[in-house]
Structures are given as C-alpha cells and as structure tokens.
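Working notes, structure below.
In order of appearance the chains are A, B, C, D, E and F, and numbering begins at 1 in each one.
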Amino acid sequence: MKLAVQVNEGPYQHQATDSAYHFTKAALEKGHEVFRVFFYHDGVLNGTRLTTPPQDDRNIVNRWVELAEKYDLDLVLCVAAAQRRGLVDDGEAQRNGKDATNIAPKFRISGLGQLIEAAIQSDRLVVFGD
Amino acid sequence: MKLAVQVNEGPYQHQATDSAYHFTKAALEKGHEVFRVFFYHDGVLNGTRLTTPPQDDRNIVNRWVELAEKYDLDLVLCVAAAQRRGLVDDGEAQRNGKDATNIAPKFRISGLGQLIEAAIQSDRLVVFGD
Amino acid sequence: MSDIKKFMYLNRRAPYGTIYAWESLEVVLIGAAFDQQVSLMFMDDGVFQLVKGSDTSQSDMKNFLPTYRTLGDYGVRHLYVDKASLEARGLTTDDLIEVAWEDFETEEEVDNIVEAVDADQVVQLMAESEVVFSF
Amino acid sequence: MSDIKKFMYLNRRAPYGTIYAWESLEVVLIGAAFDQQVSLMFMDDGVFQLVKGSDTSQSDMKNFLPTYRTLGDYGVRHLYVDKASLEARGLTTDDLIEVAWEDFETEEEVDNIVEAVDADQVVQLMAESEVVFSF
Amino acid sequence: MADLHTVNKSPFDKNSLEAAIKFSQAGSSILLIEDGVYGAMKGTSAEAMVKGAMGDKKMYALKSDLMARAIKDDRIIEGVTVVDYAGFVDLVEANDKVQAWL
Amino acid sequence: MADLHTVNKSPFDKNSLEAAIKFSQAGSSILLIEDGVYGAMKGTSAEAMVKGAMGDKKMYALKSDLMARAIKDDRIIEGVTVVDYAGFVDLVEANDKVQAWL
C-alpha cells in the first residue's frame, strides 16, 4: 500500500504529530511505501532544527529526521504555512531577506501542490491534526 | 491599572494572539501600565523574526515589536516552551549548541518565574489562549 | 487506476478563530490545477464559513469570504452544507453566499452550487468520495 | 497590598492529547518559590489528569502523574475536583491519586488534599481566588 | 466582588460558555470574544442558555469579532452589550479579576 | 465499500465521535486515538452512544493511548477492539479510505 500522511500541528503542543510519527513508522516497518509526509498549518514547526526538548522527553524533530534517513522519506513543509510561521531554508532566506535558517536536515519546503499530488498518487491519505 | 498578559498560542493558527495584541494596545492607549506580556506554550512562536506573512495579511510578529518599541513593553518568552519549540536567542544558542538564532528584537527569553512575578505585581492577569 | 479522484474537503470549524478554514481554502485553490472532481462539505461550525456579510475591517484580518464565491471558477462542483448544523445555529441557506459555476467548454451554467443536504445525503456523499481532506 | 495572593490554576483539559496539563503543572512547580496561597481546580476533561494508573511506556511520552503526587511539597494546599465532571466520566475519587501535604514548620499533616466539590463550592472557591491561571 | 469571565469558544463547539455561566457568581460579567461571539446570536440552540444567564449576569460581546463573523446588530440577543477593545479594557478594570474559559 | 474513521477528541470535549458515528456508513470502522480513547470507557455519559454505534459499526481503540490515559482492560466497553500502531496500519489497508474527525 502506498500512503500519504498529512500533519497539521506542531511538536509538543498537540499529540497529533506523535500519532503521525508512530503511524508512519509502523507502516514503514510493515513494508508499506510512504509516498510523502506533508506538514501543513502549525505542522511545519516539526521541521525546525533549533529545538532542545528536555533530556527526559522525546525529541520529535530528530525522530522524523532519523526516520527519513532510514527509509528515505520525503518530508515536505508547506511553503505558505512555513512563511507565516517562520520556517526558513536557504532558498526562502534568500528570497525573503532573512538572516538565518532553521530548517532541519531531510525536510524540504514546497507548495501545496505536493499535498494534492500525494493524495492522487497514494492509495490512502491519513490526516493527523487538532 | 497595572496589567499582566499571558499568550498561549502561536501566530496565525489561533486568533488568541490577535486578541492579546489588540487588548494590550487598547490598554496602553488608555494609559494603563502593562507590566509584562508573557508568551507560554506555542505562544513563544510569536517571537520569531523569520516570518514572512502574505503581503495582504497582518504581520503579527512585527506588530508586537512595534508596540514594544513605542511603549517599552516587556515581551518575555518562556524558556522551557521556547526550547521545545525552537525559539533561540544568542544565550540559548550558545548553551544548547545551536548554529542560528531566530528571536525577534524586543523579545527576551526567561523563566516561568516571570509569569508568576507578573501575576503578583499586576492588578489583573488576562489570559489569551486556545 | 484513473488519475481523476473524487476529493472531498471537510470543513467543521468556524472562520477566523482559527486558520483552518482559510488554509483549507488555499488547498482547494491550488488543487484546481490538478483537475480532480472536487466537492466541499460544511458541517458543525464550518457552516459559519459561508455566512454572508463578514466584515473584517476592524479585525486587521483578511476577509476571505469573497474567495469562496470564486470556487466555481476553480473547478469545485459542489458546496454541501449539513442541514442540521444550519438549523442548530438558526441559519437557513438564505444566510449563505451563493457560488456560481460555469463549464467554459460546454457553456453549462449553474447559478448556485451551494446546497443544503440532510444526514443521509451526507453519509452517501462522504462514502462516495475517494479522498477526504480534514481540517 | 499584600504580596501573598490566592492563586487558582484551572485545569479543564485531558492529559497527553495536548501539552497544557503538563505545562500548567510546570508553572505550579516554579510558582512554589513565590510563596503564594495556591489551589488547583480540575473540571471537565481536566479531572482525567488525576486518574491513577497512567502508563506511558508505549507512548514515548513522559508520564507526569507522579509529579502531581509531590504537589503538597510544593506548597499547594488544595486540589479540588468538580463532582459533576467526575460523574459524567464514570469516575469517583477512588479512581484518583492521593496527594499528601505537610507543613514542615508546624508538622501539621494532611493525608490527602484531593477533594471533590459540588458546583456551589466551585463557584465560591473561584470567586475567592485573586488570580486564575487558565490553560 | 464581581469578576469578568472571558469566553472564546463557540457554544456549539465546546462547553466553555456553559461552564462560565455555571461557575460564575451572580453579578459577574461574561465577555464573548473570538468564536465565543456566536453565543450572542439570536435563534440558535444556545440562545435559551444565554438568555437564562442574563437574569443575574451581564453579557458582553466584542464588536470586531461579531463583525468578522457577520453577526449584525439585528441578530444579536437583546440585552447583550457590544463593546470594542477599549470597552474590554474598561471591563477588566471594573471587575476584581479576569478568568478565561478557554 | 467500507471506510475507516479516526477520532482523536474526547467525546466530553467535542462532538467528533458523535459526528463520526452519525455520518459513517453501516459496516464502517471507527478508530479512537489520542484523547478520543476516552470514548472507549465504560460507565461514562458517552457509553450508550458508543454501544449503540456498535450495532452496525466496528469500534477500535489505540492501545498506547489507552494506557497513557489509565484506561485498563476492565474499563473498556465490551466489543471495542484494542489495536497497536501496526493494527492501525492494517485497518487503513483493510478499508477503502480514511477519514479523520478532528
């Protein structure tokens, strides 16, 4: 089965991103294909490399990065949502005159078309949100 | 009247931060003192200088910065919430080994004690959240 | 497998209090480029998204009501509204905006693609959809 | 004006689904350094925060139930639970943790400062508070 | 002694307004903001609850939030006072404390 | 044709479970996750609704979320099937589509 996963909330505030992670991991471990994980709304905040969660808590960003490295996952942050919320890669920094970036490795910023495409190409779209 | 304002949500996703801004501005324009605006939970995301909202939309971060410049407002981001969500100033970058900062001018990162102190020192605490 | 799928966008939240209504609309607009069969379903507080007369001039927020009116031009075929949700809120379809639709090739026109539906129809319409986007 | 105020922390949300319960608890812990008169009120899904037996070993989340048990040591004098909220959820105080309190100076001890209160008491307790923190 | 209770949730979405009414003292003021202003609308399933509360409590709603949500004056329950942000500030000052029902 | 409906809200906080039950076809599966698992608890004001739904729909709840919320096996409504994330994936595969009630 080919899956698309949509994540609507940021890390820690809502459990939605935890659920999305555990679901995606379970699907990959069962041998399913995850076509793309699309981060929308506050979900784009999953893609910052600047978090420092407490030592005794999970590291939500790093978990995504490690999963992406292991399975070559496509982690896409919606560009419009990222701009509103301050998620920046090199290209965005240049286009919008920002003096820093904060995107984590393995994440990329792209348009909403990537969500539509994922929904079309995949057998199932699974949405996690508040 | 001396006011403390608490903001629990990030910009754009929830209207809470808009309400907090308009309320704070109205209080200042009426001549009241705002002892502190304390940003907790996702509220810390109000303090990033990396947002680029659409041209035809409000710039939530800049509005806070301008209000703080005009009235010498104390805008405090909770440090624990900021660490979980990737809000970083120079001190935090150094302590946690981050290679970039994203805090906006006029915001500072400090502990939860600043919220308690604000509640004790002020005549009213007004909370905005989801 | 055909590349034309039946998309349903499910809107259950009020506008302005949260951004979901607006960002959901942005997906619909972008999605138009992909030529799917698209309908929108409004229920619970989502029905408030279509109420006529929104004025954000004192809110410093973007008024996106006019954007709904253009949805017919973006390939959206149906805006369904759950009747029971309207009734609980003291609303009728007269309170809602109208959205026109025209097929530029066949010149087929529909004056208003906003339609109130009862629970059985909602069940049926959802079941027939192939992808549901929830916000 | 005295610097000792009556603080009430109002908890109306379930644990784990959102972070509010946990970050609210963090305020209470830090607030202990300020020597105020502190009580916590649990109502609606907030009563679930105190239910015994939480096990997060398969959730990869921190279990903060044990932290509630230490609140007596942090100067919290009362944990009030709305009775009607418990009843709607099929719970009784037997399902909740117990929190002990001791005054280290006077050696006064209370076995359990968790107390179920009815609506009239809730109204009274809230009205008497000088600062209410809502999460 | 009187308090200001703020409610920012739609009464159809969450019980915040119901709780604010249930747990506020007689003489309290309740201010509807954000999606909370739907509680000020005539003819809804929440109207009876709001009217009942106005027996011993004052009900307010924020103008800019009513306008954004297309709730015109003639659809507002009689007795609900419409205020702007300056009025919000005055209510905060006039009451002993503010309690948010989120 | 059968669908999987996911519900992540407490039935005491929001009407998501009620809506999922009302608008899902007979033969559908409903999976309770996150705060949604409170809907699987015995003895609550939501129990009758859930039991009623099980007449023609299958009800599931996610194990790790039940455990975190201290909902032990003996407090789960009979007929609700407890699944782990692997079971969640299987449910997604076994149904034609997934619909989230947020």
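Rule of thumb we're sticking to: a residue touches a chain if its C-beta (ideal position, glycine included) is under 8 Å from a C-beta of that chain, and two chains touch if they have at least 3 such contacts.
Model, not experiment: these values are computed from the prediction.
For the pair chain A and chain E, chains touching both partners: B, C, D, F. Just to note, of C-F and A-D, the chains joined by more C-beta pairs in contact are C-F. Centre-to-centre, using mean CA coordinates, chain E is 34 Å away from chain F.
Distance from the chain B centre to the chain F centre is 38 Å, each centre being the mean of its Cα atoms. Computed centre separation for the pair chain B/chain D is 27 angstrom, with centres defined by C-alpha atoms.
Chain B and chain E have Cα centroids separated by 26 Å. Counting partner chains per residue, chain F shows two or more touched chains at residues 8, 13, 15, 34-35, 64, 84, 97-98, 100, 102. Contacts with at least two other chains are made by residues 8, 12-13, 15, 22, 41, 54, 57, 80, 125, 127, 129-130 of chain A. In chain C, the residues touching two or more other chains are 16-19, 44, 59, 61, 131-132, 134-135. Counting only pairs that meet the touch rule, the chains in contact are A-B, A-C, A-D, A-F, B-C, B-D, B-E, C-E, C-F, D-E, D-F, E-F. Every residue of chain A that touches chain F in the complex is listed here, in rising order: 1, 3, 8, 15-16, 19, 22-23, 25-27, 29-30, 32, 124-130. Chain D makes touch with chain E in their complex at residues 10, 12, 43-44, 119, 122-123, 126-127, 129-132, 134-135.
For chain B in complex with chain C, the touching residues are 12-15, 18, 22, 54, 56-58, 130. Put simply, chain F touches chain D in their complex at residues 8-10, 12-13, 34-35, 38, 41-45, 47, 63-65, 67-70, 72, 84. Of all the residues in chain E, the ones that touch chain F in their complex are 13-15.
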